[in-house]
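The two complexes that follow have subunit A in common; it is paired with subunit B in the first and with subunit C in the second.
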Partner chain A sequence: MSARYLPYILILPVTLFLCIFFLYPFVLVAQQAFSTGNGFTLDNFRNVTGHWKFPISLKNTLLLAAAVVPVQVVLALLMATMVSRMKKGRDMVLYIWTIPLGISDLAAGIIWLAIFEQSGFLNSMLSGLGVIDKPANLLTYQNPWIVFVAIALAEIWRATAIMLVILVAGIGLIPREYYEAAEVFGASPWKRFMRITLPLLRPSLSTALVIRVILAFEVFAVVQAIGGTLFPVLMSETFNYQFELLNGGAAAAIALIILAISIGFTVMILRLLRVPKGATI
Partner chain B sequence: MTTVATDVAPPDARKAGRYVYGAAVFLLCAWVLVPLYFLLINTLSSPESVNTFPKAFIPEFDLGSLLFFASFAGMLDALKNSILVALLTMVLSIVVGAPAGYALSRFEFRGKELFRMLILLTRAFPLPLLALPLAVMFIRTGLDDTVIGLAMVHTTLAVPFAVLITFSLFSGIPLELEEAAWTLGCTRLTAFTKVVLPLILPGITASAIFAFVISWNEVFAAAVLTIENRTLTAFLLTNLETSPLHLKFAGGFILVVPALIFIFAVRKYLFAMWGIANR
Partner chain C sequence: MAEIQIKNVAKQFGEYQALHDINLTIADQEFMVLLGASGCGKSTLLRIICGLETATTGEVWIGGRRVDHLAPKDRGISMVFQNYAVFPHLTVFENIGFGLRMQKMSNDEVKRRVERTATLMHIEQLLQRYSGELSGGQRQRVAVARALAMEPDVILMDEPLSNLDALLRMEMRAELKGVLAESKTTAIYVTHDQVEAMSMADRISVMHEGKIVQAASPIEVYRNPAAEFVASFIGNPPMNFLNATPAGDGKWSVAGNVVDGPRANGPLQFAIRPEDMQLSDAGLTATAKVVEPLGAHLLVTCELDGKMFRAVLDSDLTVNPGDALTLAPQADRVRWFDPGTTLAVA
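Right, the complex of A and B next:
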């Protein structure tokens, strides 16, 4: 076996795999979305976007992302800077903070259901403190805001860890000398954060944001576990079309819409946080 | 907890700052742990007390809920399927991904950048959606509703990580080591198995575990692609509306436990993985 061909042989399995299970399905999903059996058509899209639930689920998905992602960015940045200055107990604290990384969205939804359900821990605490006399049913359609807050909290709880890991890794790559120099010139911790950490963290920040925002548009199991049908999102609509209504074309159409939104946001984030060429660490 | 006492007494403002810092670290730890503790209480309570009000804040160590979970029709099969799919995903993603990681770290070849792009591209897409068209493809090929079919889809989710992680691991091992082995009479293959492999085995294990967790936690594709042979996540999801609370909580608990252990096992590698995967 000649060494010239060896690298190609080594990457062949992954390439084949991704072609069959990543690129090809894209062609298929587009095909499915743009046809109803006889040729090219936009019927599926008209069908889907014309449904009364579509604007609601689109609004819910975007609203949830808008509420959750900024909180997570701030929280993850805060946690990452706190960890970077830590001497004792760093490993322990990092382990605890990254626990949610291994927890599935379904389990996270169930965990927060345990807090917000009628006989759950929030009601128990409130009645223990004497705020309420009997448990209120919080997760109903009369309380859309509580449902929203419960889902948002579960999302923040679950998916901040992924940003934290990326940011901690990114901070680890920033040379110590910059901080030492800044300290010599008397820069306050806040100034050091604003002038050194944030700008040099840009590549990690954009990776973290891209991954997080895409996850936010994929939100599904958390919502199902806490809100059920009370809080329709795009992904649950896809699921409904596929299973309840057995309309594969419509499901594919929504899938393409989610895809388009995700790509749009990815491009936007990469543009906004672009690192100028030659300005790497 | 993390406020370190130093031998030089700091001024008062500094001291106050340290207390705020320590308190913030403590609060953020509690923010992660307390919800998990609530789930633990619910799991270790009898089905009756899970549904009563108000809740006790200490577990009563009753196995009723877990026994109910184990005896629920189809649940143990789902658990078995989940484990099988995750194990297969683990093996597949390493077998398929590691050679590519090695190639990226050791060779300069034409198309390398294109290949890296393809790998990175997979992370910029909501992959579970691909389960929809695959459902049709699988019915045609007879892979629908099988453990192996789902494992292949989960491998697609896990393999980009496997490639990037193994790439960073192999890059950490100097080529000189391999070259020394070649001069001492090893072939490329034996140098790899005798010198490189033992060195990176722990890292490979970590990335395998990561693949396991990705598969174990995946909900959407699992729910779309299985009907009879549900995995645990798919089974719980499709029965959410009808299942009683204690079943949900016990199920959630079973989902969480392996994840806790595995994240603990790979914690050393988590940051190395992402540090490289960033660039």
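Right, the complex of A and C next:
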């Protein structure tokens, strides 16, 4: 067997697997989205985007991503920098900080529901301290901002660690000599972070951001648990079309719209954090 | 003026004593080489001087100012790192200008200084490249240019040439020495390569196990090693040693010969460099074991008094393994060491 073909032969099984279990279903979904039974049509998309809930759920999804992702980037960078400087107990702290990763998103939603609901921790604490007279129901349509904040908090709590682990690995790859050189040449700790850590972290940062942003557009279980129907997002609309309205074509259309948005943002992030041509990081 | 004074500096890493009570004064514009085997504490001393490491005890003074409590940037120093530490995400221009930018220097001034030092290091045509597009030698030049652009009082270099191949190393050695002399900075240069040390230094500080054993000019270190370690570390092939026992007033018995020596209580070590001997009628009798014709001269490894004994002889001679050689040491080149203290005895 020629060595030239060997790599291709070796990746064949994976390629086949992906074709059968990813590409083929994807084609089916696309087919479903672009047809209503008789030939090619954009009816499903028109139908879905014309519905009054579509702009709201799109806005909610984008708003949530815009609120959650920047906070997570900053938090993850801060935590990663701190962890990287620790000499002892570093693994221990990392394990503790990544515990939320081991909890399913629905469970995470339920945990935060338990904090915010009428008989929850927050209410008991506030009334126990005498701040409020009696426990109030915070998660209602009268308090959209509290619902939003509760969901954002749950998302931040749940999914910051996934960025953290990627960034910790990335920071670990930056040679210490760069920091020493920067220090000798007069860079303050802040300057070292801005001029050395951030630029050299670009590959890890873009990976972490892409993963996190894609996850943000797929947000569902946490929103469902805390906000229910008060806070519609794109994914909950997909769910509704498929399982409440039994409209597979419309569900497929929304799924494709989410995919398109994800691809759009991925391309944008990769562009934004691109390493200059010639620079090796 | 940037004289460097190191006063009673010691460094401990946990239980491990990396540096013992170092005292050293380096004159303004002097080129001082710290020479020693790997792990003897050269880098640690350099890092204490530059402020990347703090001494456990002791003081560092630069230009009459005590600096050991100051940040590296406030010490008037710059540094060339062993692995260059040329930032991969910045162009050569921005690398050289890094320190200047940190000082918030104007764009014009940065450009002027970067271009001047780049020209000095012959890398002016590489300014827009990234580190990944440079060869090891070019990266080395960028690292030196970056240090020079700061116009520092003191420049510190930690094995700056150790990652280059032999030919490039020899070329850079001469060039670096010229550039540094020109810039009138005080330089401390760390190396484990004795040839590099001998060829570049105004003065060499030989370090061994966290101590400075001798600090003197290259020729002094070579001719009059202060201790057995220096004698065997410097010179290739190294100095020969033979046991000497007292044979009367100022006379010593060395491998069956009686030689003049110092007035001391014995025993001593008799030491002679391989090139300081000649074939003669009278002298030390050795048996040749290995003969290596090196072109310029003949290196003969002999056995003498049960020890290895090397002689560098005229390349015209014909010597075969097994031959008995009578070697006469040049009297004024013989050195004596106390086997107890390992120090030189006059």
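In this section, the second predicted complex is superposed on the first by the 270 of 281 C-alpha atoms of A that agree within 3 Å, B and C clash if a C-alpha of one lies under 4 Å from a C-alpha of the other, contacts with A are read in each partner's own complex, and residues count from 1 in each chain.
We take it that contacts are C-beta pairs under 8 Å (C-beta built on N, C-alpha and C of every residue); 3 or more make two chains touch, one makes a residue touch a chain.
Values in this document were obtained by computation on a predicted structure and should not be read as measured data.
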Joint occupancy of subunit A by subunit B and subunit C, clash or fit: fit
Partner chain in contact with A:Y141 - subunit B first, subunit C second, else both or neither: neither
Which superposed partner A:S204 touches (first subunit B, second subunit C, both, neither): first
First, second, both or neither for A:T15, with subunit B first and subunit C second: first
Once both complexes are placed on the shared chain, angle at subunit A toward subunit B and subunit C, C-alpha, multiple of 10 degrees: 80
Partner chain(s) touched by A:A182 [first = subunit B, second = subunit C, both, neither]: second
Broader residue contact with subunit A after superposition on the shared chain, subunit B or subunit C: B
Which of subunit B and subunit C A:A221 touches, first, second, both or neither: first
First (subunit B), second (subunit C), both or neither touched by A:K191: second
Superposition-derived minimum Cα distance between subunit C and subunit B (Å): 8
Touching residues (chain side subunit A, partner subunit B) in the complex: 6-8, 10-11, 13-15, 17-18, 21-22, 24-26, 28-29, 31-32, 78-79, 82, 86-91, 93-107, 110-115, 117-121, 123-124, 127-128, 135, 157, 165-166, 168-170, 172-173, 203-204, 207, 210-211, 214, 217-218, 220-221, 224-225, 228, 235, 238-239, 242, 248, 251-252, 255, 258-259, 262-263, 266
Contact footprint of subunit C on subunit A as seen in their complex: 175, 177-178, 180-187, 191, 195-196, 199-200, 202, 275-276, 278-281
Contact set on subunit C toward subunit A in their complex: 50-52, 71-73, 77-79, 81-83, 85, 87-90, 98-99, 102-103, 129-133, 146, 150
Touch list for subunit B against partner subunit A, complex: 1-2, 4, 21, 24-25, 28-29, 31-33, 35-36, 38-39, 42, 50-55, 57, 95-97, 99-100, 102-104, 106-107, 109, 111-112, 115, 118-119, 122-130, 132-137, 152-153, 155-156, 159, 163, 188, 213, 216-220, 223-224, 233, 236-237, 240-241, 245, 248-249, 251-252, 255-256, 259-260, 262-264, 267, 270-275, 277-279
